[in-house]
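Two complexes follow with chain A in common, the first pairing it with chain B and the second with chain C.
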Partner chain A sequence: MNEILLSNEVIVYLLAETVLYLLLFIAFLVTLGLLKRWNFDAFTSEQFQLENRSYLVMTIILFVMLLKILLLPYFVYTIDRLSDLVPGAMCAAGVIKANAYGNPLLSLKIVILFLSGLWLSINRLDLGAKNYPYMKLKSWFFIVVFLFLSAEFILDILYFTHIETTNPVSCCSVIFGQTGGANGLPLGLDIPKLLILFYLLFALVVLTLLSDLLLLSLPATLFFAVIAYYAVVYFFGTYIYELPTHQCPFCMLQDHYYYVGYLLWGLLLFGVFFAIDAAVMQKIFKQPAETLKRNALLLLSLFVLLCSAYVAGYYFKNGVLL
Partner chain B sequence: MVILEKVSKVYNEGTTQAFEALKEIDLHIAGGETVVLSGVSGSGKSTLLSLIAALDKPSSGKIEVGGELISKLPDIHASAYRAKRIGIIFQHFNLLEALNVEENVIVPLINSGLKTEEIRQKAAKSMEMAAISHKASQQVNALSGGEKQRCAIARALVHDPELILCDEPTANLDRANSLKFIEILRSLHHMGKTVVVATHDPLFEGLPFVDRVIHMEDGRIVEPAGAAPSADLTEES
Partner chain C sequence: MKKILINILTFAIVVAVIVVLFLSLGSEEGARYVFKGNTEHKAVDIKPKEYQCSECNMDIEKLTYMAELITKEGDTYFFDDIGCLVLWLKNHTPDTHSMLTQTLDTHRWIDVKKAWYSRTAPTPMGYGFAAFEKKKEGFIPYEEMKLLMLQGKNLHDPFIKKKLLQKQ
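Coming up: the complex of A and B.
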């Protein structure tokens, strides 16, 4: 067994994922039964048993999904810690590239974070009603999420069992090599255009959320999330590291930078999620979404402020920009 | 007011210890009716009350109270239903011993959203109705059994419920206090409240204000009957 699987963080992570997956697998089997026999209008013993069982199984799913959300930052922390074991890796950026499974796994985890959040919102609606109106919908949605979770579990195993501690990875040689950062940017953008787009999209997201144009806010928020990622990696991140050639999404998660990456990425992910959730709840479920919109505005504004504060702070301290 | 259709309750369902406490009960109780459920211990009276109060769910069947389907209420709504529509008086009073009488009476109104002054007024009215006002500031653990019961009555009435459920309310009371309790029940009946009393106390048989005495046996209603006029209970109380 290699050193990776013997590290404390990986043992805890894989153990937690395995236990949670087993719980989800049981919930999946029960949910299939619920979908087959559920009839709320019946007053039979079988239906009462299904309702009791559904309450139990939905509580299990709720518990697991909340833990899965907490496990995402722990996963990032784990791979960051593994950089000590993987030659060439200075942070999680190198470790995630240690094999072909890393990046798909991280992307899948972010997709699952959003899907789990949506499931939790639908579940809250269902529990808030007296007659389980979304029971079937949330069960079908869980089945879909479970397929993603199964893929994630398989990728988790494949990823951690295929990290070689003998082959050097190309962590910083690639990331540091992109001076100016323009090479890595999409759509032929350069840094000034990227920043203009970043702030314009943020303004668009704020306006669409405030003016209830939620169908427009959905694509605007998703586009903002993509542009914000590049803006942080290729511009704002360099002010966190105070080094223009250091363009890494992961180093800011380390203690040298006071773990600010967790806050920064957390604000972005949860801000984007609340904006999407607001659109889904209001447009599809016809539910009031004022709190969700307020949360999205607050988190995304804090994200933009925090990014901008690093640039402003650097300028006030040194009198120049990087 | 209360409609039960083919209501059954099985404890430990699906196990070897399965016990059928209620068997396909059909029962209609009109608004303003005072009904006594009688029967020996284990006949299903308390189970029936707990289902009407949404403290538990049936194994099958339909329960409606005031037009609201309660047999399938999720727990969070069941609590709201009880807080709004039901007053329960328990055999063992279920008071909070560390609090005084007034504080116990106020408990159901804690999350009502009412102002403190309104809550105090409602508590005072309720304590007066239950004849326990004079002990308002007394710690509950210093009360006699009868006083505890009157405190429990005040607590059950403080939110002005439509339906009052009493589970063996006189089981821990002496005869004098039991008769006082019956007097309070009579007042509630005259106020138009719907009252359901589960008891095996013979004092409740033949009360003039009781509309029906329903006999239960082995989880079934065996004899729904109208009440016969009482002999001399009114004088005694």
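Coming up: the complex of A and C.
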């Protein structure tokens, strides 16, 4: 057994994932039975039993999904800690690229975070109504999410069992740094245009949320999330590290930078999620989404303010920009 | 009134976003010169126009004449013509792990120093040096090709061109 699997963080993480997956597997089997026999209009003892069982299953899923949301930052913390064991890695960037499973796993986790959040919203709607109107929808949705969760669990195992502690990996300055005219930004963007897009898209997200143009808000928010990622890695991050050549999305999760990465990425992810959730709730489920919109506005504004504050703070302290 | 103003502002921002995107897509910054993370130091197979030559900045379209320089850190630089690689090395001193070229006869990646060079091939930049794995009459080794390239004695020189093409 390699050193990686003996690390405390990995043991805790994999154990937690396994227990949660077993719970989800039981919930998946029961949900299949529920979907087969569910008939809310029937006054049979079987339907009464199914309703009781569905309440129990939905509670299990609710509990597991909430824990899965908490496990995402713990996963990032775990791979960050593994940088001590993997030669060449200075932070999680090198560890995540230690094998081909790392990046798909992290992307899948973010997709699952969004899907779980949507499931939680639909569940809240369903439990709030008297006749379980979304019972079938949320069960089918759970089955889809479960397929993603199964893929995630397999990738988790494959990823942690395939990290070599003898092969050196690249550090973040090699992965994200620029040499010889290389430009890591997409769509031919340079830093000034990236920043213009960043603030324009933020303004667009705010306006579309305020004016209920939620169909436009959805693509604008997703595009903002992508541009914000690049803006943080290639511009704002350099002010967090106070080093123009240090471009990394992971180093900011370390204690040298007061773990600000968790706050920054958390604000972005949850802000984007609430904006998407607001659009889905209002347009598809015809539900008022004022609280969700307020949450999205608050979190995304805090994210933009925090990013900008690092640049302003640096300029205020040193009188120059990087 | 407030709603109309918000809608106009939203429309204006959408237009601005589209304009910025068009400006970016049309700019030079979209250039891709370096493939990073090639820690195995193997030749990187690319698609036509995916990367640009680090020396002449042209899109690499004809993959049969291309060369690659791989640094110890795993950065891979691409050249559309072996002559471009020689010129680039005049002004750059990378921490080189290997320099590879495609061969016209065997279609393999080999070390540029092990290849033999013809002098009259229709290469993308018209220098005329094309790599072959097997030696034939008139082919020259890497060091000689490098010297001729640095002296400008390639097909760009009308005198050399006339002399070489008359021989054929």
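One rule holds for everything that comes next: the second predicted complex is superposed on the first by the 313 of 322 C-alpha atoms of A that agree within 3 Å, B and C clash if a C-alpha of one lies under 4 Å from a C-alpha of the other, contacts with A are read in each partner's own complex, and residues count from 1 in each chain.
Assume a contact is a pair of C-beta atoms (placed from the backbone, for glycine too) under 8 Å apart; a residue touches a chain by one contact, two chains touch by 3 or more.
Every value quoted in this text rests on a predicted model; they were computed, and no experiment measured them.
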Both complexes share chain A, so when I overlay them there, do chain B and chain C fit or clash? fit
May I ask you to decide whether A:L113 touches chain B, chain C, both, or neither, giving the answer as first, second, both or neither? neither
With both structures placed on chain A, which of the two partners, chain B or chain C, ends up touching more residues of chain A? C
Applying the document's definition of touch, where does A:K97 land relative to chain B and chain C: first, second, both, or neither? second
Based on the superposed arrangement, let me know which partner A:L216 touches: chain B (first), chain C (second), both, or neither? second
Have a look at where A:A296 lands relative to chain B and chain C in the superposition and call it first, second, both or neither. neither
A:A228 contacts which: chain B (first), chain C (second), both, neither? neither
Touch check for A:L195: first (chain B), second (chain C), both, or neither? neither
Looking at the superposed set of three chains, what is the minimum CA distance between chain B and chain C in Å? 35
Show me the chain A residues, by the header's touch rule, that chain B contacts in one structure and chain C contacts in the other. none
Per the touch rule, the chain C residues reaching chain A in their complex are 3, 6-7, 9-10, 13-14, 16-17, 20-21, 23-27, 29-34, 36-37, 39, 54, 73-75, 77, 94
Within their complex, state which residues of chain A touch chain C. 97, 168-170, 174-175, 179-183, 185, 187-190, 193, 196-197, 200-201, 203-204, 207-208, 210-211, 213, 216
So in the complex, the part of chain B that touches chain A is made up of which residues? 5-6, 8, 10, 13, 57-62, 69, 71-77
For chain A, which residues count as touching chain B in their complex? 40, 43-45, 47-49, 51-52, 55, 127-128, 130-132
